[in-house]
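Next come two complexes built around chain A: one with chain B, the other with chain C.
And then the complex of A and B:
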């Protein structure tokens, strides 16, 4: 076949034909498909961006479920009343777990005329997607992405309803100290286990600096890659160090693996205290490995368990056979928050929606945040809370205002 | 190079350059920009892998170096983005030369060379992930400041033209390589290194030149990626996804041909987009198409799409398969 230098493998004509055909197919076809006109009832299009393929597919699925439920609920209750009962229409985009796919979906949503976008899930996707949306002044509500960089860029279109990394870690440390003191200070020594990516290493560094100030001794910091297929060595190391507390920060698969390996090897520290734990607040973990999951404490996004709307949502999600996790409640709340802003803006004009979000004091969500108050796009009241896996359920244990159960610490 | 060599490149570039005047839709432009960035990196891979026969599984090493160098220069040292672009290319070429020096001097060929490049890319990924200099796992965020001087443009079409111009420049470079003495030596090394040496070709020098050029071109694409998306982290810049992308495009399009990488990138990503459009409700359908095209290309178009087209044309003209070429193919 023609790879020789002297004798070209293709003629000019071949190349022209190939190039023209390929260009014609790829540039005209995909985007020339006319959208079906639905002019009868007024609609407000909302872009929901979630990674439903790739490494984060499970999380993306949960996020979409939450957003869908909120949209259905709003539509069933009469839509946006200030716009003549306009229905919300979901325009879903698969961010495919990569920033460039997220950007491409934002461009498509923009072309199809959405009024705002909710979602992103992972920080890199949120960073790229909100930036793409900023070009069009398109309001973007970050659902989960905790990276502090997201809100540090001064983008006027970007809002985050949930807490960022700095806030989560500060609250997590405060709560850990409080829980420990309340139990008579059973926890003195700590082993940190973290994945070597975005969350893990940043968090481990911060904890190494902060824990000694609060009277804890960090015995060792163990890093592992994502994905990790085996945790035996990590578990053996923990056994030999015999710490009071293990603080893991990693993703779902690795967290489950670590918890199971520790269970198999009968390593029982006084507490496993996760911060933004990959599985510690995930119903699937509790369902699949109830024994390994027992008594794991997490400091994470979680809904207000005393809010009847939250309980109804949880029931509905579980009724669909899906596991319940914080992405559901966060996306659900974000869509409600956005709908409230559109209602008050009485317009689909993006500037007006952004203004309405900035002025938002929305309290109809299901998170333990109180009414929203955005300062430079960040919701000031946002805070994580502590949950613990007790029996077959994930229970809120701290702070007391939201607690459903007493903390089982030190673990019996 | 003769006019006959240049006309296809000029005509195709001109046609592609006229596109934004007809298609004003941002999703299309955004898609084309990303596709061209991949094509550019794939062209870099093709210089070493296609013409030189040195299959690399770790071109992420160069892509990431380009992306990180430009981002770090801008963020930490306040260097202008355009100067950053030039320096990123130089850094990519230098990294290429060093990796080449270390592996070619040790006589690594074929799958051993492929594995070593893979290892280099992984080492870079882990280092970039751990060092605070590279922003660690949190990555680097280039400040959004839309101004031509910062290599950020309000209109996506401008960025498209810039990437297109660079792709065209590399097409010319590749054509020049194909026609030059250096290119002949490179192909000689690919086909039979020992025979080439016997003919007086300094195979080490030839391969080092090729890997430096290849590294420079791929670093350029990494730099453009960083400049376009304004955010990189270790998994984006040095992740194996980009090594695979850069390797697949030429294989699908036609390894060792001038237009192969561009045709391959356009086909793979283009079909993916088409599939997504027609089956938008089913997530992952584009990835299935991606895989399907790959299987078909490997099974039925051994010379890539360009090779297949050539064979079809020959058959159309009633020509018998050319003997000597088949021999050279079988010998590979």
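And then the complex of A and C:
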């Protein structure tokens, strides 16, 4: 009995020793391996943060595709030349559709030594992730998050290449007024349908105040929860009010449900004009429900349809069997913008990259923005444009400089 | 404020949604009536059935209505097994234990679904999901009309099973007098398990009727079961016609409240009724005196 106890104690000790030896090997190895690698091809690590699981999984997947394509393109063209042709290495983090997970991934990226982070998608994730990155002076490029709060905090590490909420709504109203006047003012009465969270309620309140100033009459504002089980009541109310225009502000699932229920109930307003519509400029909606999607207008992020690089990107994404959406273009452009800044900084030093971003006049992107100019982190030239679902495609209809097709308004 | 036609349409919409509430409540009230327990796992079992319908559609390409046929016996067996081998033995004859066992079961089921399917919301699409039947000027949703019809038929069938078959007689005997039924040779644990299985089979039908127009995620069952509890209390605990009429009534109330108060507040009406029934007529519309 005594012997056997001794035996186990002994064997445990050997195991411990072996474990320590193994640990020593694994800790020495990482020191050895990267130094060899570094001698061959220098690498710049950039963090790509997207929600690829959870409620936003579909969007995050497209964002990642856009970023990946830009990285591959830059590497294929010789990498960062001022750093001896350093290749960009993507360090991917799954934000799992929550701000908490986004923050965790930023910490991990920081620990693994990224030079900058691109992404976030949803405003709450962007808010939390950029804040976490700010603690390390880690440059953070917001890909989509429109909340005005993101840029109002004065974080010197945070940049937004795309337009914010205030800018989008102002342009959306200007463009709606212009489109309506051009068509001989067919739209006069409006029903607003919005989700009852921060995004939808905020937008509805703003529209209620602004639309009457531009000659529109808001007949009613209808709120619904997210997720909504059923849109029959909303559709019935729209039918009884019979407005010229329906302006929805909600997320993908509810927008699709509303559009399909309106189609079911044979409600045909002169126009459905979405602002930052959850589905109105999403290829998946067009592909899955072409009839319900017909003639829906959106004022949203969209690439410049006359830019050959944008067309090539869209073809490549659709070639992978994915449906195209604006966040592909935005992530693609953001990575190009970041690579340009690293190129000019000629360094992976975070302060130098931030300086280079602040001085950026990058125009090699695919958005309808013109040269980049950051003021307090916000790209001043950023603007949304109007798209309309026509046939099986999403076409830019306004402003004229970018339009591919004529607006079908009032809808025939 | 609204034209009578719109109000009528909203009421009919509610009636059709209410039919599905009734089916869910039917299982709940049956289990209560016989086993005298409140089955907290009812919602999680509904979620399981909805996922099963979704899987049948997504992986096997099976129509959701067709999926009801194999799913009914499957859910019956699942329910039978749960009561016979888990809930029954674990309760040791104490009703308080059963309450906790079913609550625990619901947590286990929900988290299993969460682990397997994540929290994503899933939908399926059929050609008829958004079809309408024109009834004069009224446009009625085709899948919901089917839901109403099937719910009424299933309630009728269940009533026939209980009143015209030997198993039904045994179930009623156990419900009325457990000890007496045991004395005349009825296998009480078996009857309990059959009842639980029937309750689960109702959920299979409800899941198949819901999926063409609805979505599923691992937490969806809770929303329905809260409403079903209200229906059971309104109709009278353990009463089948009470569950059917209560379900239809609650559906109409929800729909009209949604129309007049907005969808964010639509459910207020249901829970006001719940409280009012508890205050004024605690036995419900068809309930026997406790």
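Here is the rule we use: the second predicted complex is superposed on the first by the 373 of 412 C-alpha atoms of A that agree within 3 Å, B and C clash if a C-alpha of one lies under 4 Å from a C-alpha of the other, contacts with A are read in each partner's own complex, and residues count from 1 in each chain.
One rule holds in what follows: a residue touches a chain if its C-beta (ideal position, glycine included) is under 8 Å from a C-beta of that chain, and two chains touch if they have at least 3 such contacts.
Just so you know, these numbers come straight off a predicted model, no measurement behind them.
In the overlay built on the shared chain, the residue A:134 is in contact with chain B alone; chain C does not reach it. Contact with chain C, but none with chain B, is seen for A:233 once the two complexes are overlaid on the shared chain. Set side by side, chain B and chain C differ in how many residues of chain A they touch, and the one touching more is B. With both structures placed on the common chain, the touch criterion links A:222 to chain C but leaves chain B unconnected. In the superposed pair of complexes, A:52 makes contact with chain B only, with no contact to chain C. When the two structures are aligned on the shared chain, A:95 is found in touch with neither chain B nor chain C.
Once the two complexes are overlaid on the shared chain, A:394 sits clear of chain B and of chain C alike. In the superposed model, A:196 lies in contact with both chain B and chain C. Of the two partner chains placed by the overlay, only chain C lies in contact with A:253; chain B stays clear of it. Where the contact sets of chain A with chain B and with chain C meet, they give residues 53, 57, 196. Those residues of chain C lying in contact with chain A across their complex are 2-3, 6, 9-10, 13, 17, 118-121, 123, 125, 129-132, 139, 141, 213-215, 223, 255, 258-259, 262-264, 266. Residue ranges of chain B in contact with chain A, taken from their complex: 4, 7-8, 11-12, 15-16, 19, 23, 25-28, 30-32, 34, 50-51, 126, 129-130, 136-139, 141, 143-144, 154, 178-179, 183-184, 187, 190, 229-231, 233, 235-236, 241, 254-257, 259, 262-263, 266-267, 269-271, 273-274, 276-278, 281, 283-284, 287, 302-303, 305-307, 309-310, 313, 325-326, 328-329. Only residues 1-6, 8-12, 14-20, 22-23, 25-27, 29-31, 33, 52-53, 57, 92, 94, 98-100, 103-104, 107-108, 110-111, 124, 127-128, 131-132, 134-135, 147, 149, 153, 155, 196-202 of chain A touch chain B when the two sit together in their complex.
Taken together, the chain A residues at the contact with chain C in this complex read 53-55, 57, 196, 222-225, 227-230, 232-234, 236-237, 239-240, 253, 260-261, 263-266, 288, 292.
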